[in-house]
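You will see two complexes here that share subunit A, one where it goes with subunit B and one where it goes with subunit C.
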Partner chain A sequence: MEFKVRAYRFNPEIDEKPYYKEYTVEDYPGMTVLNALIKVKSELDGTLSFRRSCRSAICGSCAMKINGISKLACKTQVSPEIEKFGIINVEPLANMPVVRDLIVDQESFFDKIKEIKPYLLGQREDEAHNHFHVLKEGEKISQPVYYRPEFQNLTGNNDTPNCILCECCYSECGGVVGNPRYLGPAALAKLYRYSEDPRDNDKNGSRLVNGSKPDGMWDCVHCQSCEEFCPKGISPVKSIVKLHERTIKNSITFSAGSKHVVSIAKSIGETGRLDEIKVAFDSGGISGLINDLPMAFGAGLKGKIPPLRLKLIKDMDDIRLAYKELDLEEK
Partner chain B sequence: MITYAYYPGCVAQESGKELDNATKFIADKLGINLIPMPEASCCGGGVIDGFDKNLKLFINGRTLALAEKDGLDIMTICNTCTLTLSEVNEELINNPESLEKTNEYLAKIGLKYSGKVKVKHILYAVRDDVGFDKLKEKAVKSLKGINIAPFYGCHILRPSSTVKFDDVENPRGFEELIKALGGEPVSYGRRTKCCGFQTILVNEATSTSLAGNAIYEAQEKNADVMVTPCPLCHLSLDTYQTVAAKSINKKLSLPILHLPQLIGVALGGDYSEMGFSRHNVSLRGIMAKVRQNEI
Partner chain C sequence: MLKHDVVIVGAGLAGLRAAVELRKKGIDAVIVSKVYPTRSHSGAAQGGVNAAFDENDSWESHFFDTVKGSDYLGDQDAIEILTSEAPANILDLQRMGVVFNRNDKGGIAQRPFGGQSFPRSCYYADAVGHMMLHGLFDNVLKYKTKILYEYLVTSLVTDNGKVSGVVAYDIKNGKFEGIAAKAVLFATGGYGQVYSSNTNALINTGDGMAVSIKAGVPLMDMEFVQFHPTTLKSTGILVTEGARGEGAYLLNSLGVRFMSKYAPKAMELAPRDVVARAEQTEINEGRGVDGAILLDVRHLGKERIMERLPQIMQLSIDFEGVNPIYEPIPIRPGAHYSMGGIKTDYNGRTVVEGYYSAGESACVSVHGANRLGGNSLLDTVVFGRRSGIDIAEYLKTAEERKFDESTVKRDEEVFEKLKKSSGKERHGLLKSELQEEMRADVGVFREENAMKKALDKINELKERAKNIGIDDKSKTFNTDIVEAFEFNNILLIAEVIARGAILRKESRGAHYRTDFPERDDEKWLKHTLATLDGNGDIKFDFSEVAVTKFKPQPRTY
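Let's turn to the complex of A and B:
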């Protein structure tokens, strides 16, 4: 079966603006999009540029937009794409500048990975195994830390280390679309992974404090795209939410984002409902309120204003008991 | 007649009452019996697990148990409520430890959950339980000649391992509904993207640029109106539209409908029954077009 590959083309040294070029390729059973692109490059047009290496969904090099969604070309089969979209439309990943054709400049992505310090901080004094030395005769190798229960019982870290830094999540992230300075899902999932690691010696909680600053963990828009489109089945958004929980439980609540979440929890604990006015005030403070005044005034004129005093839900004591059982009353 | 436990969520009972009213209007016309849940609490607005994961399980496990006690499935009208209740349902069904812990709490308030409840958003309740053919039969006004941009939002599509209503890469439910009502669905890239609501009180610039760009793209594709299945998206797209316009430095003026209002108009609902006076962007132009389209 013949099918069309429609490729985004742009060489900033020659082209004034990007354009698309179509190629006709012959399909074979099990053909991947990367197979198709290699066929185009070797048989039809040697100028088509794209990154690739392992062809086994391990190196993350061939991530690109395929029919509008960020995927690994080597892991994406041609036939289901043709069945759904009738064409293989390939474009560079989003949220990064294009170097040429399907190749993007990854610098901003890796700068953000570096920013969260993706390595163990300091060294714990009780970790004797960290002191490398030549084994004496008869000395046994101490048990690697990975086999210790404290490491195995880590919650949420089953998947984050599987990240191959392919940038699919970063390309799909709504938070980065809205704010290019936002750290993004891959970096924040790594931040959570290190903040939970028992070998990490982050004595003053700097990871959680730095992660709470503007453009950090509270800028996640919860669009779920990072989980949906991760080719390795990782859920960065779930790690980010765990980071939120860890941050609030450590009383690091200077950010508007943490205030917002605490206010929602408080509102439910008091009324069973989300108090829109109170949550807006608690999250943004007086300056936020003043900023939103014209919008709120306009909505008020239309009658679109929440009640000033909320009616409690029926059986509100049930909810109070939930807070009591979880020892959350004081928070 | 199909019966659901009706979970409108907080916004539709507070600033977005027009959505609740339109839902009740169309449910009555389409033969969907909605049983109110006055005991149900807020789901936690999609962020409560950032405060305490178990609190999310307890309060939403309670809502699911209330529906199960009456032998009913839950119908939602908010994307975020849909995802939160679905996530908790999934966790309680698949994780015996979470179910046991939640049931220990529920036992103290005279409830028990065993995982029988299904959570369905109204868009897919209309598709699956009423059917678009029957919807077409019941319509008294046609939406012919109106370009309607569907804005799915995030939480009825993603993550598709939890909310399994539509094809996450190329959803069609909304477009099919619009076609059934005689309207012309507008195809645009941001129809499945984020409205930014979750950070509207945290980082307004990020949030409003997402909403603004979605509106702008739909406008550029000649949309007469945009429709959303989520009251949180509606706040971003309609209530904050003036702020969004400033944020992206573009002129925006696109009326935004709640999904039940779109269906309601086709079923004969008038301007006041649909609560159109409560919208930021005027719907008078759209209503003038619809009035001419008597079936």
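Let's turn to the complex of A and C:
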């Protein structure tokens, strides 16, 4: 069966603006989108440019938008895509500038990975095996028993180590759309993975502090796209939520995002209601309130005005009980 | 022109491990890689990395297993280093942040692997290469290492027998760049793309080996190509030996565990050369299933499969349409690993002063005629680290040298000429023809006449390669020209393999000659060394095998 590949084309040396070019390819059972692109390139048009390497979904090179969704071309079968869309439409990933055709400039993505200090910090004092010991004849090595043997691995069963940095999550991330400086799901999940590692010894919590700054973990909009589109079945957003919990537990609450969360918890714990004015004030201070004024005014015009004084709700005892069970202290 | 003290070419495990060693000491080392480091093919290694940790195991046992696995062609002084430094290297990785599965005592869990007399493969589910690659990459970031990614190295530059740098093509903007250095390390991986049905990434085109032999550095034991026994039937994608380590069966069309016939003691966990030949024999004698063998993990149960072999499960579903929890996986042997490579000593040194190689691109030789599963990841970190240490020492006394800038112009002209060619041959199609020929006639089973036919084909392709046309004339990310360069590399490597295989008139490890089915220690317990003469023709020389502790014995499993 023949099908059509419709490819996004742009070469900055030649083209003023991007265009699409169609190719006709012969299908075979089990053909992947990457197979189709390789066939186009080697037989029809050597100028079609894309990255690829392992062809087994472990290197992350061939991430691209396939019929609108960020996927690995190597693990996307042609036939179900054709059944659903009638065509293979390929475009470069979003949220990064296009270099050429299906190739994006990944520099910003990897800069953000570097920014979160993706490595163990400090040296643990109880680490008795710090030297490199070459064995002599008849000698055996003793290995350190790592700190939490109940874990199957050393990262508290967090799934981030399986991440291949393919950028699908980053391409689909609602947070990056809104704020291109936002660290994004892959970097933040990695931040969480290292901060949870029992071998890490980040004494002053510098990694969590850095991650709490503007453009960091509190810029996640919880759209869940990173989880939905991850080709390796990882959920960065779950790691980000845990990061939020961890920073608040460690009293790293200087950021507007964490203040926002703490204030909401406090308001509900006290009255059972959301004191929107107070939450806005607690999160952003006077300047935050002033910044919010146009929005508040707009809401007011539509008849949405928060009450100035909150009454306790009837079932306050239930709320207190729930808070107790959740182990949230009322402050 | 750029200038650094050390240039590391390749950003897989060996390159990154060397980089960490150098950067830890504050040495000015730059990494040059044709892909972003995390795209390197080390990440596809699945099953394990060997080191003797258990109190009932010993590194000496690992030493012997490796020598026997190599069919006595491995250099025993080097294998001694490999195995005695193994545990320390694994713990070192662990300190750097690499995660291994745990046993119930809190130590590193280990699984059985082929040809090993003890379960000594450390693992992270079935993605240990991925785990190690990303862990080392993170450490390279920790030491703020400069990385020139998407740079293709086209030449090694020397000055009076000493290395003086490399020429690199910046794929992003099509510019050639000279990079001067006092030391150069090639950690450029293997050449799996010489064969159709291989487990390798599309980037594994033996570039480093081809560039080396063209610069006068000998390639050693290139006729030894490992065929992995379990690769997915349709795509050649790797199915880890760890599957058999966890207890998987190999079945023929009669549902029989045929390994009982070929390796009655080791069964499915015989070394790869033995299992690959057994499978091919079953297929050739009509007991295959549509040209494949079945790998059955069903009896391990869903839970164990999901815990220990999650990637294999997903790969089988995505690429073969088979869920291994319910159905056996159709597999067949596929080209996997190059035992041969750039000749080095056990500190990574080559014959050219200041020029080093480590990992799959190098031939130390620790794998000899057949590599044991779980020893290649070990090789990368042991010899990557040792190369880094030796380079650091070398720099203390290394003198300044001249970088011949005309080499940059020369390589640029080669690419420009290629771009202007109006030839009608397409390198993508020539590559397929070469791969198919090599699979058919220089594969698991080899025989003189068939291999001569392969040489004829190679010669024909060399002629046709002169008429390769390039569609893409532009400078921005021109992958068309990169692929043409890569094709010429695999063509050269294929010829070295075929000529070496014709020359070696015996069967040893992965090199099996149906016309010379016995191992011949009298005549052939030696390494082959390939170089190019003035006309660009391949010629061979030999060198001694280091036999220290273990005299060659018959090899049965």
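Methods note: the second predicted complex is superposed on the first by the 297 of 331 C-alpha atoms of A that agree within 3 Å, B and C clash if a C-alpha of one lies under 4 Å from a C-alpha of the other, contacts with A are read in each partner's own complex, and residues count from 1 in each chain.
Here is the rule we go by: contacts are C-beta pairs under 8 Å (C-beta built on N, C-alpha and C of every residue); 3 or more make two chains touch, one makes a residue touch a chain.
Computed from a prediction, not measured in an experiment: that's the story for all the values here.
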Is this a clash or a fit when subunit B and subunit C both end up on subunit A?
fit
Going by the contact rule set out at the top, does A:Lys41 touch subunit B (first), subunit C (second), both, or neither?
second
Just subunit B (first), just subunit C (second), both, or neither: which does A:Pro12 touch?
second
For A:Trp218 in the superposed arrangement: first (subunit B), second (subunit C), both or neither?
first
Using the superposition on chain A described above, determine whether A:Cys59 touches subunit B (first), subunit C (second), both, or neither.
second
Could you say whether A:Ile103 touches subunit B, subunit C, both of them, or neither, answering first, second, both or neither?
second
Subunit B versus subunit C as contact partner of A:Tyr119, first or second or both or neither
second
Measure off the angle at the C-alpha centre of subunit A toward the C-alpha centres of subunit B and subunit C in the combined model, and quote it in steps of 10°.
140
Give me, in Å and rounded to a whole number, the least C-alpha distance separating subunit B from subunit C in the superposition.
16
Can you list the residues on subunit C that touch subunit A in the complex?
35-36, 38-41, 43-44, 52-53, 55, 58-60, 84-85, 87-88, 91-92, 94-97, 99-102, 104-108, 124, 127, 130-131, 134, 138-139, 141-142, 172, 201-203, 234-235, 237-238, 307, 311, 314-315, 318-321, 426-429, 431-432, 470-472, 474-480, 483
Quick check on the complex: what are the subunit B residues that touch subunit A?
10-11, 13-16, 18, 38-42, 44-55, 58-59, 62, 83, 105, 108-109, 154-155, 158-160, 167-170, 189, 193-194, 196-199, 201-207, 209-210, 213, 239-240, 242-243, 277-280
Show which residues of subunit A lie in contact with subunit B when the two form their complex.
67-69, 84-85, 174-175, 177-179, 182, 214, 218-225, 227-228, 235, 241-242, 244-245, 248, 255-257, 260-262, 264-265, 267-268, 272-274, 276, 279-280, 283-284, 288, 291-292, 294-295, 298-299, 302-307, 310, 313-315, 317-319, 321-323, 325-326, 328, 331
Tell me, which parts of subunit A touch subunit C in their complex?
11-14, 30, 32, 38, 41-43, 45-47, 49-61, 75, 77, 99-101, 103, 106, 110, 113-114, 117-120, 127, 129-130, 132-138, 140-141, 143-149, 151-155, 161-165, 194, 197, 199
